[in-house]
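Submitted below is the structure of interest, expressed as structure tokens.
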Amino acid sequence: MYFASDNWAGAHPAIARSLTEAADGYAKAYGTSDLDKKVEHTFNEIFEREVAVFFVGTGTAANSLALASYNRPGGQVFCHAEAHVNVDECNAPEFFATGSKLVPIEGARGKMPAEALAAAIGRFSPDNVHGGQPVGVTVTQATEAGTVYELDEIAAIADVAHEKKLPLHMDGARFANALVTLGATPAEMTWKRGVDILSFGGTKNGCWCAEALVLFDPARAREMHYLRKRSAQLFSKSRFIAAQFDAYFRDGLWLELARHANAMAAALAAGLTQARSARLAWPTGSNEVFAILRNTTLKALRDKGAALYDWPAPAEIKATMAEDETMVRLVTSFATRPEDVERFLSLCD
Amino acid sequence: MYFASDNWAGAHPAIARSLTEAADGYAKAYGTSDLDKKVEHTFNEIFEREVAVFFVGTGTAANSLALASYNRPGGQVFCHAEAHVNVDECNAPEFFATGSKLVPIEGARGKMPAEALAAAIGRFSPDNVHGGQPVGVTVTQATEAGTVYELDEIAAIADVAHEKKLPLHMDGARFANALVTLGATPAEMTWKRGVDILSFGGTKNGCWCAEALVLFDPARAREMHYLRKRSAQLFSKSRFIAAQFDAYFRDGLWLELARHANAMAAALAAGLTQARSARLAWPTGSNEVFAILRNTTLKALRDKGAALYDWPAPAEIKATMAEDETMVRLVTSFATRPEDVERFLSLCD
Amino acid sequence: MYFASDNWAGAHPAIARSLTEAADGYAKAYGTSDLDKKVEHTFNEIFEREVAVFFVGTGTAANSLALASYNRPGGQVFCHAEAHVNVDECNAPEFFATGSKLVPIEGARGKMPAEALAAAIGRFSPDNVHGGQPVGVTVTQATEAGTVYELDEIAAIADVAHEKKLPLHMDGARFANALVTLGATPAEMTWKRGVDILSFGGTKNGCWCAEALVLFDPARAREMHYLRKRSAQLFSKSRFIAAQFDAYFRDGLWLELARHANAMAAALAAGLTQARSARLAWPTGSNEVFAILRNTTLKALRDKGAALYDWPAPAEIKATMAEDETMVRLVTSFATRPEDVERFLSLCD
Amino acid sequence: MYFASDNWAGAHPAIARSLTEAADGYAKAYGTSDLDKKVEHTFNEIFEREVAVFFVGTGTAANSLALASYNRPGGQVFCHAEAHVNVDECNAPEFFATGSKLVPIEGARGKMPAEALAAAIGRFSPDNVHGGQPVGVTVTQATEAGTVYELDEIAAIADVAHEKKLPLHMDGARFANALVTLGATPAEMTWKRGVDILSFGGTKNGCWCAEALVLFDPARAREMHYLRKRSAQLFSKSRFIAAQFDAYFRDGLWLELARHANAMAAALAAGLTQARSARLAWPTGSNEVFAILRNTTLKALRDKGAALYDWPAPAEIKATMAEDETMVRLVTSFATRPEDVERFLSLCD
């Protein structure tokens, strides 16, 4: 019953097989091999346009490079207060952008409201050098709260950003999970709604280590080559990432894996809604379930081997909680087994 | 006939197999899994003492983190003029250390003479804040010229560094190749000769992507955890690196692979010494051969599919070269086949 | 009627005279002149202990160097949400510390409550590298709201910081104004209450350009020499700052000037309390008055030449304001003339 | 007999007077006062075109901001090996540009030969991301060796830079001294010969603290406002710098002071040429004299109170020196008295 995180899983067998197949033979290094080129082309197809793709090693690297590439002195980047870039990346975004500031914006269930964004940007004035200058906006899709921005919510945020000539970055660590929830195409969920640069994650959805930075403005690729290398994210045997993505995209594997993870989360959510000793903190939108469990139930689950994390409850949720309750996060993945979900639920009376 | 670089090879079958075996099942993320811990312990055994080990994604990352961890404001790091950190890492060392300076020291065949190092350090004075302050020394083993520092050469450099209280870093991108050349133990080639921090490379010697930063002063580990994460080098599924190292070290595979690469280089070197149209620029110490070829021979080789890079000749070599000659670099690896060496030599008349 | 800012004034005649006297003759550069040494000694006397003093050019430089000197990778610095370092320094603190993060803490009237600080620090755990690590706390005295921390409030904050082994920095851009309000000694308002490093401002209180970074732990001076020079804040003719401080401290001029500024602010505050068209947002503690004016009155004042800034009203104040009212900030200085205060008040009916 | 440095002098009486006059009254802060605007306009007149001017506190700040404003990831800046930016600024240029690299170019008597520059730039290729990318060229006028680039030498360097689309920066810490040597106009010595950005120094030539960054492309001013503030170089009472420049430029004071300093250096040089115990290392071009003195003479001079620094002799000079000789640097300034020159020379037999 491993629900601690989707990065506790290993790699999907097809990914492992692809790596093994690519292990043999010689190929050019540093992202110039035939396999690298092939996979870059696949990204064009998936996004229905020419994009510039940069493989990197971690989601933190993708996010930090994206924000750094748009930074300017005194740069202010607007994000949700609980965004991964703001609370879980140990200042990597600020470091890569050499001293930028992340401006936290509150919003229920992990989503940044477009109006709150507009208000926050509005507090900066070009006449006031002391306050710095807005340089970008970033959203996470699916969010850190397991919810998913609707397509028009993304468009609304992009409109606010673009009106101020700010680029919109999307942290897509769980891109596939959001995509299958919305039933949208990759193009629809990104550039067609105004996203300018995307961190495209494969690691949480069945790869070992496969993250890509996708630039919808390929003219910016030149500088990104130097930025990535300067940040120690250019891999010599880059095809080890390409090989993972090659299998990931083949025959829609990536969507299939995300659908499975989401289905497992939905099953968990449905079961918890039925249980007396548990309830959902809010509806589940992807592969993360936020729930409130009675402490005795939680203890029993852990005693039986369930792995899951406590989660700090937002004020409005906390207000609804009894003293003997705890808020938890449950994450499913491509590797989650239905029998583990069932067993977990059977322990929640 | 692939002699362009040892990073043109893929991964050794045992490495690929280990990854496949590790793909199944759940494990804690971010370097805390049982496999991570097991491999960290293997490092202790290999180095015959407690060390702190940090897996990272690239050699550039390992080097840059090592130097950053010892940096102070106005920091001056002493290195060979042709060191990888100085000419091939796109300022990553300067960036990670937020504005340090690499002080280049000339030396024949890729080696920094201890006396030249002492003289260079001696030009800085604690009374002159304008010049900055020395903060470290770095050597590459095996060197960028394919040569290998003798154990007492390392000790001499360490003595110079330590007399000024400077740490000694070793860039071991080709650590195994140097080790088997010297017939030394890992301990003898590092901390027993004064090395304080090591970039331990596995990628060039049969891994996909496996680099480790080894701290011989484990008390410095605490800050390195933050430095690595801040630099976007903490991998969620860290065991994908651990699994590679696990196979790499098993039954001495790493030394076997390095011995093979070195033997292939020795065979190339021996053959070139015999050829009329070729000669060595200097003796070969590891898995890199630097040679001077007649241009017609070089062209013929490339026409037949040989992959190898031109190399800028140092002044003292250039003085010995005819107009119709070119200096080249040939790199062998765990994957180099004897028949390719033979074929290459057969084309050098 | 210049109440826009205390940096709209020029320099006190005694400061100008001191500069003129020092202009003649030769002296060693870069802070090593006799005059530099003399003034450094004066700092020892004023603070009743040995301190290390570093002259710098701006308050932003002093603050940023102070925080940078204590930074570590992933560093989190706790400050009031409206602190100058957080909203008025264009990311200089983050830049000097190469990517630190300022954690904003809310508190009424510009003051950070010790309990809120403790709670904010408590959200970081040494087991969670992703969140970064706390590295310091900073308070502003007098605050950006014109209020003054009581001595025991400073001590309470220092206790919270020190319990977590965090240093406490004080931004003393208006140090003298706070000091005369409290009737405390410089020692009592700083190291005797737990302040570890201080930005000591002279510019707003009658100097042209005289800021000093005061280290209560002189052992940290060595690195600060490099940090200051690396940050381009080491002045060749450093005695132009020393000469200003020399006059500033002579015969208690600095306290006299601060008393005058505070008295002018008190007179403004008293007058506004009497006026029907105006009232104070909160009691005045130093040389800044925050008031709510009727818009017609404000317009009339500006028509007559009064210079003062609108100020964004905090929510709890905004709730008390009528639609035809505006919150403003009035700042007095050593140069404020009583007749201007009277004229200003006479225009507030 | 103070010949240690031109920054050992204080300020010219006219500068001090101007500061005193400006001390009274109120003015807008942060560079927006009438006096700031007036002096900015004077810069336009002096350079015979619209320029963007930014006052800063130190020459190191001006240089570092200039180079930072043109930096890109992996940036390589080409400079003379002995340039102030390279050896005397404690990595401030690398820090401000967050990890750029200065590529040192050798050249006799402090001058970078255009051909050597072209060769150095030529070693970088856009196909090799590992080596980084050239981003700028910087020259010092007058040079650190007291020599002066001829106008066509500047043009030749600018041509090399511009052919590669690199901007040319001039470090004009001793701009006035070079100008009067050449008898050129400010425009001729800068933008008319291809200089794109200039550090204009006033401090060494009679000011207390007056440095200006001059952008010949005013379109770049917007970002520089943020860059300067982010680097803590925006002064609140900016008019204290403006007032100095105001007096500096009035009635050609700046050129008069530079002529005096140069004349004093010429007198020293002429006298040393006559002396048996001394000779020049090379001809004097501005206000710095590099000479070789017999050690007994040097000791006698210092015993009588002469202040001057030993200087490391370049190899070609060292080869001409006897064992009992020392190379020294003598710097004159606006404040140097003819009688001190005479006395100094009288002590060199």
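Which chain is which? They are A, B, C and D, in the order written, and residues in each are numbered from 1.
Everything below uses one rule, namely that a residue touches a chain if its C-beta (ideal position, glycine included) is under 8 Å from a C-beta of that chain, and two chains touch if they have at least 3 such contacts.
For each chain, UniProt lists the protein as follows: A, B, C, D = L-threonine aldolase.
These numbers were taken from a predicted model, which means no experiment stands behind them.
Student: Steps needed, at minimum, to get from chain A to chain D via touching chains?
Tutor: Step count on the best path from chain A to chain D: 1.
Student: Could you compare the number of C-beta pairs in contact for B-D with that for C-D and name the larger?
Tutor: Of B-D and C-D, it is C-D that has more C-beta pairs in contact.
Student: Tell me, please, which chain's centre (mean of its C-alpha atoms) is farthest from the centre of chain C?
Tutor: It is B whose centre lies farthest from that of chain C.
Student: Would you mind pulling out the distance in Å between where the CA atoms of chain B average out and where those of chain C do?
Tutor: Going by mean C-alpha positions, chain B sits 51 Å from chain C.
Student: At what distance in angstrom does the C-alpha mean of chain D lie from that of chain B?
Tutor: Spacing between the chain centres: roughly 41 Å.
Student: Per the centroid of Cα atoms for each chain, what is the distance between chain C and chain D, given in Å?
Tutor: Between these chains, centre-to-centre, one finds 34 Å.
Student: What parts of chain B, by residue number, touch at least two of the other chains?
Tutor: Those would be 30, 73-74, 89-92, 95-96, 98-99, 129-130, 132, 226, 229-231, 234.
Student: So in the complex, the part of chain B that touches chain D is made up of which residues?
Tutor: Residues in contact with chain D: 73-75, 87-92, 94-102, 129-132.
Student: Okay, in this complex, where on chain A does chain D touch?
Tutor: Interface residues on the chain A side: 30, 72-74, 98-99, 129-130, 132-133, 223, 225-227, 229-231, 234.
Student: Can you tell me which positions in chain A touch chain B when the two form their complex?
Tutor: Going through chain A, the ones touching chain B are 2, 4-5, 7-13, 15-17, 19-20, 22-30, 56-61, 64, 89-92, 95-96, 98, 203-204, 208-209, 226, 229-237, 239-240, 307, 335.
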